[in-house]
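Input: structures, listed below.
Presented sequentially are two complexes of chain A, the first with chain B as partner and the second with chain C.
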Partner chain A sequence: MVELKVDWKPRDENTVFHHPIERIDGVEKASGFAKYSTDYAGLHTRLLTSPHAHAKITSIDLSPLKDVAGVKAAYVFPQRAPDGDTLFEINWEGTPIAAVAAETPAQAAQGAKAIKIEYEVLDHFVDEDDLEAAAARGLSKPGRRESVDGDPDAAIKNADVVHKGHYGIHSITHCCLEPHGSTCAWNGDDKLDVQLSTQNVSGTGGQFAGAPEIGIDAANVTVNCEYIGGGFGSKFAADEWGIACAALAKQAGRPVQLHLGRRAELGVAGSRPSGFADVTIAAKSDGTIVAWDSHHWGTNGIKGGTVSQVPYVIQPEHRRVRTTGIVTNTGPARAWRAPNHPQACALTCTVIDDLAAALGMDPLDVFLKNVGISTGSQLSNPAEVYQAEMETAAELMDWRGKWKGRGQWDDSGWKRGLGMALHTWGGRAGGGSCTIKVHPDGTVETFAGTQDIGTGTRTCIAQVVAETFGLPLSAVQVNIGSNKYPPSGPSGGSTTIGGVSGPHRRAAIDALGRIFDKVAAKYDVDAAQLSADGENVVAGGKTVCTWRQAAGLLGPMGLEVMGEGPKNDGLTSAGVGGVQMVDLSVDPETGRVRINKYVAVQDIGTIVNHQLAKSQVLGAMIQCIAYGLSEERIMDNASGRFINANLRDYKLPRIGDIGELVVEFYEPDEQYNKGVVGLGEPPVISGGAAIANAVANAIGVRVPVIPLTPKRILDALASA
Partner chain B sequence: MNPFEYAHPQTENEAVALLGEHPGDSTILAAGMDLMPLLQQSVLETKRVVDITRVDSLRGIDTVDGGVTIGVLTTLEEIAYSPLLAEYPSLRDVVDGVRAIQVQQNGTLGGDLCHLPNCWYFRSGYGLLARDGGRSLPEVGDNRYHAVFGNSGPAKFVSASRFAPAFIAWGAQVRITGPEPDQEQWLPLDQFFVTPQTDRQGVTLLKPGQLLTHVWLPGAGQKLSATYEVLEMEGLDWPLTAAAATLDVDAGRVRRASIVLGHVAPTPWVSHPAADVLIGQTVTPETARLAGEAAVSEATPLSANAYKVRLAQTSVTRAILKATGQLEGGL
Partner chain C sequence: MSKQRVVTCSINGHEESFLCRPRQTLLEVLRDVLDLTGTKEGCSNGNCGACTILLDGRPVDSCLVLAVECEGAEIETIEGVAAHGQLAPVQQAFLEGAALQCGICTPGFIMSTKALLRENPHPSEEQIRFYLAGNLCRCTGYDKIVRAVQATAEQAAAEN
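This part shows the complex of A and B:
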């Protein structure tokens, strides 16, 4: 068999791949034809959740349900019901306790209300920033990391400039617009079909099958997720409410739909841990950072973990880092887009910005000077790449032309400011496999148990396969979103684009070689000389046969080949960086912030589709504006509740809040030749810090804790 | 949501009769912009929903007695674009601030004036006064959005109405019918709002069986007006604070002034100190600033909302400047 080389085509030979193609499923999504898990009907459900942040359940009485019309099934979550003296301990408000399925939403709600639950209410603690209070109550514990490199005390003592400050970034939630949930339907007693909103199509079937309440063979569970309305790292599991849905459906003998209500979605379906820090940073008068000494803390809920990876990207020679976790009665943390990185970036890049102000230097110069300092760690990108990206971003922003020191802007009314920050990420391809079928008429089908959480997975697969076969996009039919297709890894950590493009390219090249072998035998040509140019198979510029004729040589069964990944063949890679810069204005009388211009420069290796890549960056920038300015899980100390767990008080930006967004990919030839790297996480990391730095530049005062709400900005100005 | 009766009267008298049959357990439905979520989340429970949208007498904008009468079913958009209200720009300012086209097209004047507080404790089921085990939650908990005036009693929430400051600053009167058929009374709008001492009292003086039907505005004359809302976001959001100013300016000097703040107290908050500063003065950035300072001189912020005092001050200053065409710089 002819051996075709496995690589990407030279950059300028691509006609579909590496081109800005619109989403092939965009019309379905925009027109409402795309079906999400919420579009599959079933009995209506209502969850009964705990109103208390900390309590024990002393009794659960389902008997009143028999008097509620329309109720078809009820479910008590595992271990909630008292077992002798063993009582279930609730550790956060919103903990699911029971679920009711009924003919109508109102009947389900009445059913949930009819269930009688008694609690023994316990003291709660929800203050994420108050280290002292947590320690006084025995709710703080040393973090996993406590390290000293070099001699930070001496370095600080001998430094030209030393800056100390308190910084923080609050918890946010994933806030998926399509809430977590599923529609479950049984075929007989042992076959379960799940329409699940998931980032993990291939990995969740076994979780349903293995749950004690379900107890069937994994082979008998079908999980489908053709489209998903947001995941951001929170939808990898079947989740206990997914198991509840399947159990209710079995009990009722009818399909059941169970999606979290908005309050539960915000409260229990995932959050990004908070981070707070007291930091000392020291530098030489030329801006070289020599020492870092920090104590940082925060919470991921009842487990009492905190963020890590501080300091971020830049690693001064002398460092001391101490962490403390706080145990709080708050909803559980889940991976939020670039876990740890937005917090670490905020707790580092805001400090460096303050150091620049103390030095009387432009922070761009301080970042340029120090980006190569990575003592004891490996930068994912060479410093030169960061420096080139900073210069590009500075040009797009006209940073050098605009820059003025803190409080030195000559303006009245709105105060203008600039801010910047850096980030890094891995983005290595996830595990995955696929099948490609070439039909005798030359059309192509692909199958992979992957999903599209915003990557544009279908479109990218179609581009890879169409480019390989020399076909138009329309000749490739892409099938994803079922666990009955060849397994693919979960979409998390920026692993999807590499996870699907590698296997599909390998399989398509394999198939093409097999087809060329048939053509070579039939037409007596050298298979190694053949190529597919769109309509024909050609050799040395001469048409040998049409693509359809070539496919016809496969016989009535056509051809089916498998592709796998990741492999170290150069198709995919890892390790990216980026820089973001923000130009904004602050109204010092109201604390309102208006984004004027926001620039993101990013490297991501081989870009499969510039338009979709840009779309991912734009979405990330909007999320940065959200968590930078307004989005926050507000835990109320008095009630122990996530008091703003609704879309009125959990404030997200709208179009008018966004400003001008500029996306630029850093893509010299060495980036194209690097291989495909994931992009989901990196652009969401540094925007919060860049916004905070721009506000400090505008008003001359550091607003220490993100998000920078009017309250925090006015409070900072008042105490300055 | 509990089951409830749904009634759809055709006349004010029918509505009043239906509202009176379950005293305290009937709810008025107009556009339902806020009522539906309140019922769905079981914050409110009711035995009867009285849908007044078929009562034609509650619609429309008409010239009456030298002023303008507006039915409570009039939508925000109709108020913004009515030629009869063109001389009342402070009303248009309110509609512009709502931002969401859906709310502008569907939301009604009556729904706004009777809007229940957005206090997150109330919305979490703790009742209007947000008490839990003898504690006032806004007092001991997170009060960043709560009252900075009129908060010495048990009510700490802020009035939610966005129109009320502007209408009160114009000297609006309201018509109430019921509880008896054809029974009606007119009273100044600022007297319509009450600060409850118990959870059952509500935020207006409407009693069971009563219906707010119309608002009357006196003639605009040459008066100037504006509303300034401090909005945290550009999209649909509730103001952090607001102020409405109606000014009677003669020969460059203020003869009469009415300054009313919103979202700072359990009721709309009329500021006589701010108005007094302006009387006899020329409106300048400096006099507007002094009026803003005077407006908040007696503020009583809670533990975490001192920033709202600053916002209230800014709202007053900017409403005055906006009314006189002096607000600049895209503020």
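This part shows the complex of A and C:
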């Protein structure tokens, strides 16, 4: 068989790939016909959850359910019911205890309300910032890492400038607009069909099958997810409420839908750990950072873990890092878009900004200088790439023209400021496979057990395959969203685009080689000279046959080829970086912040689709504005409850809150030649720190803890 | 159990009659009774706008409207926006401008936009942002939504 080289076409030879193509599922989404998990009908379900943050369940009585009309099934989550002296210990408010399925939502709610639960209420602790109180109650524990590089004490002692400060970033939740959940339907006693809102189509079937309540072969579980309304790292598992849904459906003998209510969605379906730190940083008078010494702490809930990767990106030669985890009775953490990075960036880049102020230097100069002298393994790019990106961002922001030191802005009323921060990410392709079928009429189908979480996975697959076969996008039918297709990895950690583009390109090239062999034999040409271009197979610029004629040579069965990945053949790569800069204004009377302009410069290797890539960055930018200014899980110390677990009080930015957003990809030819790298995580990392730095620049004092709510800004101004 | 009522109204230009209980929301009836699942449920308390529909031409959160209130009303949902198999200009603008990503908030945004442009065919950017403030998006980034609304308005102006 002719051996075709596995690589991407030269940049300027692409007609579909590397082009800003509209997403191919956009019609369904814009017309309301895209079906999400929540759109599949079934009995309605309500959860009964714990009102207590810390308690033991002493009794559960389901008997009142028999008097509630419309109730068709009830379920108690495993181990919740007392077993002799063994009582289930609830460790956070909102822990699911039971679920009721009924004909209508109102009846399900009545059923959940009728169940009688008795608790032995225990002391709780939810104050994630209060290290002292946690230690006094025995709820702090040393983190996994305490490291020393070089001699930080001596370096600090000998430095020209030393800055000390306290910094922090609070917990947030994933807050998916489509809540977690599924619709489950049994087909007989041993086949389960699940419409699951998931980032992990291929990996969740076994979780349903293996649950004792279900107890069927994994081969008999079908998991589908055509569309998903947000996941952000929180939807990788079947989850115990997914198992509950399947069990209720079995009990009722009818399909059941179980999706978390908004309060449960925010409370128990995933959160991002907080991080707080006391930091000492030291530098030479020319801005060279020489030492870092930090103790940071935070919580990921009852496990008592905390964030890592501090200091972030810029790694001084001499550094000491100590961590402490705090055990809290708060909802469990899950991977939140770029796990650890936004917190690590916030706890580092804000400190560097304060150091720049202490040095009397423009922070852009301090970042430019120090990114070139960092030691350690966090730099995903050569320093020159970061420096070029910083210069690009500065130009787009007119940073040099605008920049003024803290308190030096000539303004009255609203105070204006600039801030910036850097980030890094891996984005290596995840594991994945696919099948490509070429039919005798030349149409193409692809199959992969991946999912489109909004990234544009379908569209990118179509672009890769259409480009390879020289076909229009409409000739390729992309099939994803089922665990019955060849397995593909979960969509997390920016692994999907690399995870699907590599296998599909390899499979398409393989198929193309086989078709070229048929064409070569039929038309007596050299297969190695053939290419697919514009729905024709050509050799030396002359058409040999049409694509349809070529496909017809495959016979009535057509051709089916498998593709796998990742492989080290250059199609995909890893390691990206970026810089974000923010221009904002602060009202010192109210503490309100208005974003004037927000610039993101990002490298991501080979860009499959600029339009979709830009959307990823824009979406990340509004999430940065959210967690930078308003989004926060607020725990009430007295009750242990998450008191703003609704979309009124859990403050996310609205369309009028975002200002001008500018996205620029750093993409010289060496980036195109690098290979495909995932993009989901990196642009959501540095915006929070950039916003915090801009506020400090505007009002002249550091607001130490993110999000920078009006109250925190006013408190910082009052204490200045 | 409360008695079910028959409600007759116009939905996307067609007369429809349905049975509902007094406490059922319009959102629940649209999705569960009429299988019009394009209208999404995001919060059920009027804070996200995912369930926006037009009731007698005005945008409302259908999770806050009781179905029994809709007797004789004219209701428009996302399923009725495209006509004769063709996307409406506002839908086309959202698609071409990449103003949608995961898509769960898109029907609500499109319905609000439709109402805005009926009331004010030439809105300023500030007016667009003010009018759409009731619709929440977690992942698209909003910016392209503003541009899509502007593009729709500009196209309509060019055609008139």
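Basically, the second predicted complex is superposed on the first by the 718 of 720 C-alpha atoms of A that agree within 3 Å, B and C clash if a C-alpha of one lies under 4 Å from a C-alpha of the other, contacts with A are read in each partner's own complex, and residues count from 1 in each chain.
Heads up, the rule we're going with is that a residue touches a chain if its C-beta (ideal position, glycine included) is under 8 Å from a C-beta of that chain, and two chains touch if they have at least 3 such contacts.
Remember, it's a predicted structure, so these values are computed and weren't measured experimentally.
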Partner chain(s) touched by A:Gly242 [first = chain B, second = chain C, both, neither]: neither
Chain B versus chain C as contact partner of A:Ile622, first or second or both or neither: second
Chain B versus chain C as contact partner of A:Gly565, first or second or both or neither: neither
Partner chain(s) touched by A:Ala106 [first = chain B, second = chain C, both, neither]: both
Partner chain in contact with A:Arg654 - chain B first, chain C second, else both or neither: both
Partner chain in contact with A:Pro255 - chain B first, chain C second, else both or neither: neither
Partner chain(s) touched by A:Gly32 [first = chain B, second = chain C, both, neither]: second
First (chain B), second (chain C), both or neither touched by A:Pro311: neither
When both partners are placed on the shared chain, which of chain B and chain C touches more of chain A: C
Chain B versus chain C as contact partner of A:Tyr227, first or second or both or neither: second
Footprint overlap on chain A, comparing chain B with chain C: 105-106, 646, 648, 652-656
Contacting residues of chain C [partner chain A, same complex]: 1, 21, 23-24, 28, 31-32, 35-45, 47-48, 50, 77-79, 81-82, 87, 91-92, 94-96, 98, 100-107, 110, 126, 128-130, 132-146
Of chain A, residues touching chain C in the complex: 22-23, 25-36, 38-39, 41, 44, 69, 104-106, 175-178, 227-230, 232, 261-262, 453-454, 611-612, 614-623, 646-648, 652-656, 658, 661
Touching residues on chain A, where the partner in the complex is chain B: 51, 105-106, 109-110, 113, 412-414, 587, 589-592, 630, 634, 636-639, 641, 643-644, 646, 648-649, 651-657, 709-711, 714-715, 718
Chain A contact footprint on chain B (complex, rising order): 1-3, 42, 99, 118, 120-121, 123-126, 132, 135, 137, 140-142, 144, 230-238, 240, 304-307, 310-311, 314, 318, 328-331
